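Residue numbering begins at 1 within each chain, and the chains themselves are lettered A, B, C and D in the order written.
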Amino acid sequence: MSAESKLMTMQEAIERHVRSGSTVLLGAELEQMIPFAAGHELIRQGRRDLTLIGPISDILFDQLIGAGCVSRVMAAWVGNASAGLGYCFRRAVESGIPRPIDVVDYSNLTMALALHAAALGVPFLPTYATLGSDLLKKNGNLREFRSPVSEEKLVAVRSLRPDIAILQVQRADAFGNAHKWGSLGVAVDGARAARKVIVVTEEIVEPSVIASDPNRTLIPGFLVAAVVNEPWGAHPSPVQGYYGRDHAFFAEYHEQTRKLGDFEGWLARWILEVPGRREYMKRLGPSRIERLSVREHAFSRPADFGY
Amino acid sequence: MNARQRPPAEFAGRSSCRALWEMTLPVALYSPGELMVTAAAREIADGELVFVGMRLPMLAFLVARRTHAPRSIALYENGTIRQTPSTEMLYTMGDPANLCGATQCGQMLDVMGLLQQGRVDVGFLGAAELDRFGNLNTTWGRRDGELRRLPGSGGACDIACLARRTVVLLVHDRSRLCERVDYVTSPGYGTGNGWRRAQGLPEGSGPSAVITTLGVLRFGSDGEAYLASLHPGVSVEQVLANTGWTLRVADELVETIPPSGQELAVIREFDPHHFWTRSDER
Amino acid sequence: MSAESKLMTMQEAIERHVRSGSTVLLGAELEQMIPFAAGHELIRQGRRDLTLIGPISDILFDQLIGAGCVSRVMAAWVGNASAGLGYCFRRAVESGIPRPIDVVDYSNLTMALALHAAALGVPFLPTYATLGSDLLKKNGNLREFRSPVSEEKLVAVRSLRPDIAILQVQRADAFGNAHKWGSLGVAVDGARAARKVIVVTEEIVEPSVIASDPNRTLIPGFLVAAVVNEPWGAHPSPVQGYYGRDHAFFAEYHEQTRKLGDFEGWLARWILEVPGRREYMKRLGPSRIERLSVREHAFSRPADFGY
Amino acid sequence: MNARQRPPAEFAGRSSCRALWEMTLPVALYSPGELMVTAAAREIADGELVFVGMRLPMLAFLVARRTHAPRSIALYENGTIRQTPSTEMLYTMGDPANLCGATQCGQMLDVMGLLQQGRVDVGFLGAAELDRFGNLNTTWGRRDGELRRLPGSGGACDIACLARRTVVLLVHDRSRLCERVDYVTSPGYGTGNGWRRAQGLPEGSGPSAVITTLGVLRFGSDGEAYLASLHPGVSVEQVLANTGWTLRVADELVETIPPSGQELAVIREFDPHHFWTRSDER
């Protein structure tokens, strides 16, 4: 192949491609495939003033906020999907601890449309969603206008172009062409909306594997700046076909981060004292890993691309 | 088995609860959460497209699908469309069990497009606060007079704006059912009759039922909520005392029909540890 | 399953679901998977005053126009993709033969956006495409306006909702849930934009085959009114993994339809005298079928949906 | 082998022409179509995203990819993105050989979105008519004074509006290169300098080169076309006589470099029967 390999470690990828002050799309797939390993590396490398973008975000946003990396959140929902609130988020918004953050509230649809607008290369997209809501009143990126074709009221959702999208996938080649399946959420648009993409993959495969099923290629390599081979990089969130959701981990996080001091202990234990994903997996322990591993495979029926 | 009692951990797992399916349980033994799930399930008619969301409504859909609405179809915001029930309890819509064997896994906009087209018959929502006109707040709650930041809309605002009907589930107390919400995350009937159309929201859309821990509220043509059904053992006075405005009461107030043995069996098959139905506040 | 089978013959599907005067989306996948068998049945059943919608359409539009079924075409391109002009199209537009047709000219992107708008449930979508062109001046469904968020000039593409979309797929279950791969074009939006969908499938499979790969389900069954099992239903256009493109057939059509009388002969030979696809395939002959059949399979690498 | 001679049918097929790849053919033996394909290929720089379209440009991309631009990437309107050349001649972008082994097969909007984002470096267009300012007409042609209906835009208008550069291929005669097109299917520089920005088209976009059967035209900063390169054996007078307006000529007029043996080998590998390059009018 004439293209150059984009393979690098998570440490390198974050070092090279994410600066303090960047806008970062994370958790585009909702409750699946959240790039926790990448988020933890952002924390370890001490990024500051990040703007986080994502639909529901789950506890990765909460951790980044608690670690002081974030000055702004643009999201539809920030919390813990199975356990409820995110305490760090609440502390930051209500009390400015560890630092104040600005929250720009979207709904899921308006967040999806903001990224879709950027992916389509237009300044906005129209919707009826949020009419009559306080999201429309408070979020400056949502603006009521009259339809030019029907005189109806509509909301213009301004396009949102993240500096970087960090997207977890099942398999990719070294050039960033990536297969992704299961929960898609806003990931396809996210990859195209962003100025740069970091692909975090469970497996590196030959380009011929990707080319065997071009309809499953949801991220073309020319959009990708870095490819990180990081198995279990999404734990405690699940990756379809690779590992399940560690529900208990989310519950424990909820219990162990209620108070600021407790969160700091959690942060040290699971992120700061851990150099990388390998060590993290050791802390998780083999029996937990075993419990989350795929028990029963369910392979897709092949599609024939022959002629 | 007492529904309030948690079954031993050994009793959990993918198929170990299948036996329950066949059992006919005594109807009286159910938790408030189970009653709410059942009442929510009954809001789904057969063949309908349902925007399911998280928590109790995930169970409600499963109950409906397995009892009176076998052709109903579930839509999830992650892009998933599902016609058959998943094989195990779900903690989130993104659990691998919810995607494996799904009818379609698409993008969020694929399902949101169906919602905005007006094809979705009913959407389910939770709420921290609900007011007299069915407006919901999940962004800024008030506790002990102080504003507390809540997680936000997720897809709730979209569903409230665009589904033909919305069904709300929440705990019934004065702080949650209030005269006027502090922040309209998800619009109901706004300030009453005609308000939704004036905002530009689709004709005929809006909240259809509010299922609380005490009863079921519905809405008059003026957009104001009224008490339509009381849960067994609950009095009108109790409801009024726990509602933050002077709630109207239906002339023909009925009693909420308790879960049947079959309905309870489905709930317990998918929530064997009462993760969702133990308390009603998750 | 509790759902009811939607399986029927092509004749039944067209009889029940396409009336004269309907707007019909055909050829959504561009040069692949054009539902010729369905188009031929429309001709045999004598539908009139159809509005045809499609991006490039290839020779199926030309045939329907030549047979007098059409009063309006909304398309980006009408002709013969590998051989050039469509003579019936030209005769109808220039001389009203066999009847005058109205042409609403789109570009591919504005056609895609018109269907996408309908699929998203909004009255229009914005684009920069067609600014400065005569398409914008002549097509009433394209309207210049000012962006509500940026003051730029934009074009509002009005949503387009076909009465029926006829879509060819590789495999579907009896309830209309369909796997589709290869060339997608505007088919995904087309299925959602239309009020009804007829799925024409190379194979009927068990629902479990569809459910084995939900990311490949591009048409969910609840949108589908009829499922027609019609192998080779797209000939002379190709279906990835099933048969190739019959380039010679397109060239022959070009040669054999230059003059009106020649077209009438072609129409009788390939459509009017042929009761259905089985007879059509007989006319095609075994050696031609053999030549177009898949010579070398190329199966996609499976994706694991297990957990 | 004389390029104008059709090779025998037995010589066709998926890989039988591979041997040509290694051959160095005498440079003089090429058809006008082959020269145009080569000139078009040279408009592609390495690593660029190319909106390919149909007919001659399909071959031009293959030539570029296999010679000086091995990292260029092809986008097709049916949603296909391809990094490796297909294994056989293509009659259309939707031929199974173009999809099998592609990098991505998505929806039309997936590739059109990249175009509208401004990520596409160069797009190729054919045309029935082109005027002084590079405006194209493929909707209503004029033959013998009569308007004739042509197939229409396809993606041409989109590419002309949104690609950073566009490269046009057409036959050079007075009826095709005309003062002003009857119908602007695909806008070039409109009426000249500043017109595109005034219309709202993206900054810096517009036609970059016109490759005809006689030479190559480029555009001045005022948006007007000028003759930049003459094909071997063609005179300036011949070009002017076949152009429907008074065409400006570059001070430093050059001669179009003929196809190399390697370039011809690629063309003949993928178009063994000269289906596309036999005439130049397809």
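Before moving on, here are some points about what is shown:
The rule we apply is simple: a residue touches a chain if its C-beta (ideal position, glycine included) is under 8 Å from a C-beta of that chain, and two chains touch if they have at least 3 such contacts.
Everything numeric here is computed off the predicted structure, so don't read it as measured data.
Across the two candidate interfaces, A-B and A-D, the one carrying more C-beta contacts is A-B.
The distance from the centre of chain A to the centre of chain C, with each centre set as the mean of the Cα atoms, comes to 37 Å. Mean C-alpha position of chain C lies 28 Å from that of chain D.
Separation between the centroids of chain A and chain D, computed from CA atoms only, is 41 Å. Residue positions of chain C touching 2 or more other chains: 120-122, 127-128, 152, 154, 181-182, 184, 188, 212, 215, 238, 240-241, 244, 298, 305-307.
Shared contact sites, meaning residues of chain D that touch two or more other chains, fall at 80, 95-96, 99-101, 105-106, 109, 112, 115-116, 162. All chain pairs that touch, listed by label, are A-B, A-C, A-D, B-C, C-D. Of all residues in chain C, those touching chain D in their complex are 29-32, 55-56, 75-79, 81-82, 84-86, 89-90, 93-94, 103, 105-110, 112-113, 116, 127-135, 144, 152-154, 181-189, 237-238, 240-241, 244-245, 247, 250, 298. Touching chain C in their complex are the following residues of chain B: 49, 70-71, 73, 80-81, 83-84, 95-97, 99-106, 109-110, 112-118, 162.
Of all the residues in chain A, the ones that touch chain D in their complex are 2-3, 118-122, 177, 188, 192, 210-212, 214-215, 217-218, 220-222, 305-307.
Taken in their complex, chain B has these residues touching chain A: 54, 77-80, 91-96, 99-101, 105-109, 112, 115-116, 139, 147-158, 160-162, 183-187, 190, 195-196, 199-202, 282. Interface of chain A with chain C (complex): residues 120-128, 143, 145, 147-150, 152, 154, 156, 158, 170, 179, 181-182, 184, 205, 209, 212-213, 215-216, 238, 240-242, 244, 294-307.
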